[in-house]
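Take a look at the structure below.
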Amino acid sequence: MYRFTNDYSEGAHPRILDAMIRTNLEGNFGYSNDPHSEQARQRIRNAIGRPDADVHLLVGGTQTNSTCLCAFLRPHEAAIAAVTGHICVHETGAIEATGHKCIAMPCDADGKLTPEAVRAACNAHSDEHMVKPRLVYISNTTETGGVYTTAELEALRAVCDELDLYLYLDGARLASALAAGGASLQDLARLCDAFYIGGTKNGALFGEAVCILNPALKPDFRYIIKQRGGLLAKGWLLGIQFEELFADDLYLKVGEHANNMALQLKQGIAALGYSFGSDSNSNQQFPILPNHVLAQLKNDFHWEVIGYPDDTHTQIRLVTSWATEQQAVDAFLAALISA
Amino acid sequence: MYRFTNDYSEGAHPRILDAMIRTNLEGNFGYSNDPHSEQARQRIRNAIGRPDADVHLLVGGTQTNSTCLCAFLRPHEAAIAAVTGHICVHETGAIEATGHKCIAMPCDADGKLTPEAVRAACNAHSDEHMVKPRLVYISNTTETGGVYTTAELEALRAVCDELDLYLYLDGARLASALAAGGASLQDLARLCDAFYIGGTKNGALFGEAVCILNPALKPDFRYIIKQRGGLLAKGWLLGIQFEELFADDLYLKVGEHANNMALQLKQGIAALGYSFGSDSNSNQQFPILPNHVLAQLKNDFHWEVIGYPDDTHTQIRLVTSWATEQQAVDAFLAALISA
Amino acid sequence: MYRFTNDYSEGAHPRILDAMIRTNLEGNFGYSNDPHSEQARQRIRNAIGRPDADVHLLVGGTQTNSTCLCAFLRPHEAAIAAVTGHICVHETGAIEATGHKCIAMPCDADGKLTPEAVRAACNAHSDEHMVKPRLVYISNTTETGGVYTTAELEALRAVCDELDLYLYLDGARLASALAAGGASLQDLARLCDAFYIGGTKNGALFGEAVCILNPALKPDFRYIIKQRGGLLAKGWLLGIQFEELFADDLYLKVGEHANNMALQLKQGIAALGYSFGSDSNSNQQFPILPNHVLAQLKNDFHWEVIGYPDDTHTQIRLVTSWATEQQAVDAFLAALISA
Amino acid sequence: MYRFTNDYSEGAHPRILDAMIRTNLEGNFGYSNDPHSEQARQRIRNAIGRPDADVHLLVGGTQTNSTCLCAFLRPHEAAIAAVTGHICVHETGAIEATGHKCIAMPCDADGKLTPEAVRAACNAHSDEHMVKPRLVYISNTTETGGVYTTAELEALRAVCDELDLYLYLDGARLASALAAGGASLQDLARLCDAFYIGGTKNGALFGEAVCILNPALKPDFRYIIKQRGGLLAKGWLLGIQFEELFADDLYLKVGEHANNMALQLKQGIAALGYSFGSDSNSNQQFPILPNHVLAQLKNDFHWEVIGYPDDTHTQIRLVTSWATEQQAVDAFLAALISA
């Protein structure tokens, strides 16, 4: 059985696992008040080119999004997001549970939010009888594999400046976005008020690194992390992982490998004449395949079903990661050819 | 430097680390929908003698407490806890952040809540102008090292039955409580509506196992875990750890070792004539030592300061764990003798 | 200046004002624990044909909706509503502020939610990574003047039964809906789990009467009212108003008068060949009028602008109430003819 | 039956009722966007000597406290209050329901919070594992009749400045406090970041006027009012009442009458040798009376029971208001003498 189910099916990248073994019996202070966490934060500040950034290490993505929006927004303020955005759909109302409405705006198949959609959301909210849009949430890559270019982020930044909105980027799959030629870490740090660098889906056992650039959003962030259950007791575990991910460009390499595997899948599937639900250049591919073909593959490969475009076809999601082996890709394409 | 700072200063018990290495490249489904998590849940159900229990694996203690109370209480319902209780003091208002008041009741130096205190809390809340006490929160061991006996838990259960209250037990340090002769796992499962078995402070890298016994509290608990950011993507990491902790009585052994180290400290310190802030038989000791003695020890040992009983003495906290070495205890006592 | 701005531009219906004057110096117990409130509750129980109903008197509509949904839903549960629904748009995120997502579903110009839309919302929410739809929110009349028939409510009830959903009806403009031939009070009480009878827009100074039919939703509702700031100290003021509204069918008469005025407007405007944004038979009318005509009327009449269908037309909202005088309607139609 | 139950047992002061009758059929814009509300806000700004104040009109006290604290505090910030403070006890956890902990501090029988208690609360909260004290809540008069002097408020202001805390005053019974020689309205406006002027207990049917002095607390307050259900549709009803209360010193006169009645009770009771639970000079008196005496009075007078100091005595609360008649006071004292 080969798994293309998601990018969090295996444990840690071997270098990270080695680091955890190596440091297991070190004594460290808790709650990320340790040298590994400090080194990780420093390496991230270097990588994003912002020595003034506040960097915080959290455990998971939903936790990170809800902690950030809880910290950044006043009670009547709302987030604007693509209708497919993770916070709108797949976090069990975590943002609403902190009291904030998510304003879901239409987007294309690539899942990217446009400045026009942001402006439309603001135009529709005019007075104190409605929530006040205050933060733009985007994910990079998006939930459907889209990658924001620097120009696209600059355009979003401009509309945020114009309308007094924060720009927040969910980087659960940021390694893949970076490797796909999306906006660089330095551009993210220049254009966002805050963003997070995902670890869980990019080689870590777990962990997401929040970078806060806007000074207004920095105060007391650790209080909110703690209150929301995200302050890991053995916080150096987060430190060790990001320390390793940000040594020798491991973070980028992880994304490059995942994308390489995904693009081989894309090209092989396309060469057989099949179409895709979205034109992704990142580690998620959304081919539309005949049901009878999938029936032949399903015993050897695992994927997620996205939808049923018609009675004889199914759109599936294939996800690759640092752990995807060439052999799995080859096997899938071979099986597809012979199906 | 020997650390008696806390019980989460080192990584994982070697057996747990081995299991993580062994399984690192296994492919597993996410969110604890994997065979390791299922096996862990099954071993816990066996250990507590309740095949009907719902067992859920979360990451940390504050997360677990706030998820449980959020799931169990209606908006106007409140928790009763000892004034020293973790939820009253050291969770940055996590319970209040879910909308619920913590009613802090007096307790003795051992940190245990009595049936009388529970009854007093209920008597003070009479109508809809006040919150409605609905859940009794206790921790075992308590924050000051106290251990609940079976008889004490039975008395709390009786008052909870009488006053229509849930009984919830925070087992962050449960291994130590079990090893100290406190109420057994089976007794906890018989007497509590829900409780959690702490992993973070008992040999795991992280992880807490919630056991829900009361059927009324079971529905949709995973929704609340997810909403509150506690559903770990690579959930089998939790499974692996509890699988190991509940094989061959490792969980009890971890507590026994920690207690053994703590009791050697206690006896050694007492033999020198020093007194203690509370009479603990578990892995936290609270000696009151002369400032000039502490000044001599502080370069070689680390502890937390609890308070200043007078101008010449300080109450400190010494904590032991599975990772505490005999050498550390010997060194501390030797240093104390020669101070 | 004649006002068609809304249905809460004047004080109380004269009979209500008389009752308030008459009882001003009576001494009464607070918080609706008084004979007037009890009599009001009893008259409402009689009117809806449900002696078993719990009836609670609150001050305003947003307060009532957020108190009810806060009381009825567990943290991960969501409300389904029409995209134009009051809770989705015009309550400043009050429902989200209690932690619950509002799932906004498409609806027609009449603002009514269909069983198909309810089913579609549930189909789109499948597991614990998403909120759990649990309550259907409808308003009667809708925000665009639509009126639910008994058959339509029965169909919604059926889908709610099938999908384990509560049916909740916002009756801010219920007098108008009843007078327009919509489902009767008895039908509402038979088909809804809870609903509220609006006072503010139907002759009262303020006040909304919540009727809870489903026994599972009744416990401790007064705690939630108090916690959310809705327990009026001089609660008999609410009692007096509903006592009067539910004597001699005043509630229905108020709706009949408002509708009579609105239908005269509708017929007069339609007779001049103008079209409407929705086909309302209740106290809100949404004509689309030429901008040059509105320019001539604007000094003598007040309305709300809804939108701009094209460059030369504007859709406005005309609202009537118990206080609308025949003279105002006549003046508007005369002005329209001569414009 | 004479009522000393509370200060919200009767309707409106006759001047207010007259104003409501006079304006009943005026057409007004909703949500306090009307000339009466504007005039009321202006008169209050004049009375407190702060033309820069933001003044908002809400319906009730719990609603006002929870709206203010919700608006003023970030999620991890807490309020410090006397253990007897209204928000700590009698608001069904309304503050916690907005996510904030109330830190209850000891106070004397007069219910006043001291700078020492404020400092102690801050000293006990040191890092991000605990909530961050950010606002001092006081009520004037206190729940037990205490009245803050200008000097006392200045001392609280000084400690708030030192410790970076907001000072917020609950003026549910402010008319009585002003009439009792407490800090003036101008002093409140000089020393508090925000406070509210209570209407409900001081002659209005309902209504509380929030005065926000600190510019940092002003933005978007109306959004929070609306979200929390406090934006009254017929908002001019609040305007009319405060317009009247702040014409011709009616607000002060109402407090003077209530205090005059209360002090006659106090003196008469004391003259008979009875003691009091607290030494109040305001409109609440807390005499301790023999049970056999109370048994004789209970058919003719109504009061609240506060507690049972011993087996033969009961502490009761007698409350007076603008509506208390001389005859009631005379009758009570006469009955007491002959009991």
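Order of writing sets the labels: A, B, C and D. Residues in every chain begin at 1.
Note that a contact is a pair of C-beta atoms (placed from the backbone, for glycine too) under 8 Å apart; a residue touches a chain by one contact, two chains touch by 3 or more.
From a predicted model like this one, the values you see are computed outputs, not experimental measurements.
Counted by C-beta pairs in contact, the busier of C-D and B-C is C-D.
With chains reduced to the mean position of their C-alpha atoms, the one farthest from subunit A is D.
We define each chain's centre as the mean of its Cα atoms; on that basis subunit C and subunit D are separated by 33 Å. Mean C-alpha position of subunit B lies 42 Å from that of subunit D.
The geometric centre of subunit B is 50 Å away from that of subunit C, both derived from CA atoms. Contacts with at least two other chains are made by residues 75-76, 91-93, 97-99, 128-129, 131, 223, 226-227, 231 of subunit A.
Only residues 70-71, 74-76, 98-99, 128-129, 131-132, 220, 222-227, 231 of subunit D touch subunit A when the two sit together in their complex. By the touch criterion given at the top, residues 75-76, 78, 89-93, 96-102, 104, 128-131 of subunit A touch subunit C in their complex.
Those residues of subunit B lying in contact with subunit A across their complex are 1, 3, 5-6, 8-12, 14, 17, 20-21, 23-30, 59-64, 66-67, 91-94, 97, 200-201, 205-206, 223, 226-234, 237, 323.
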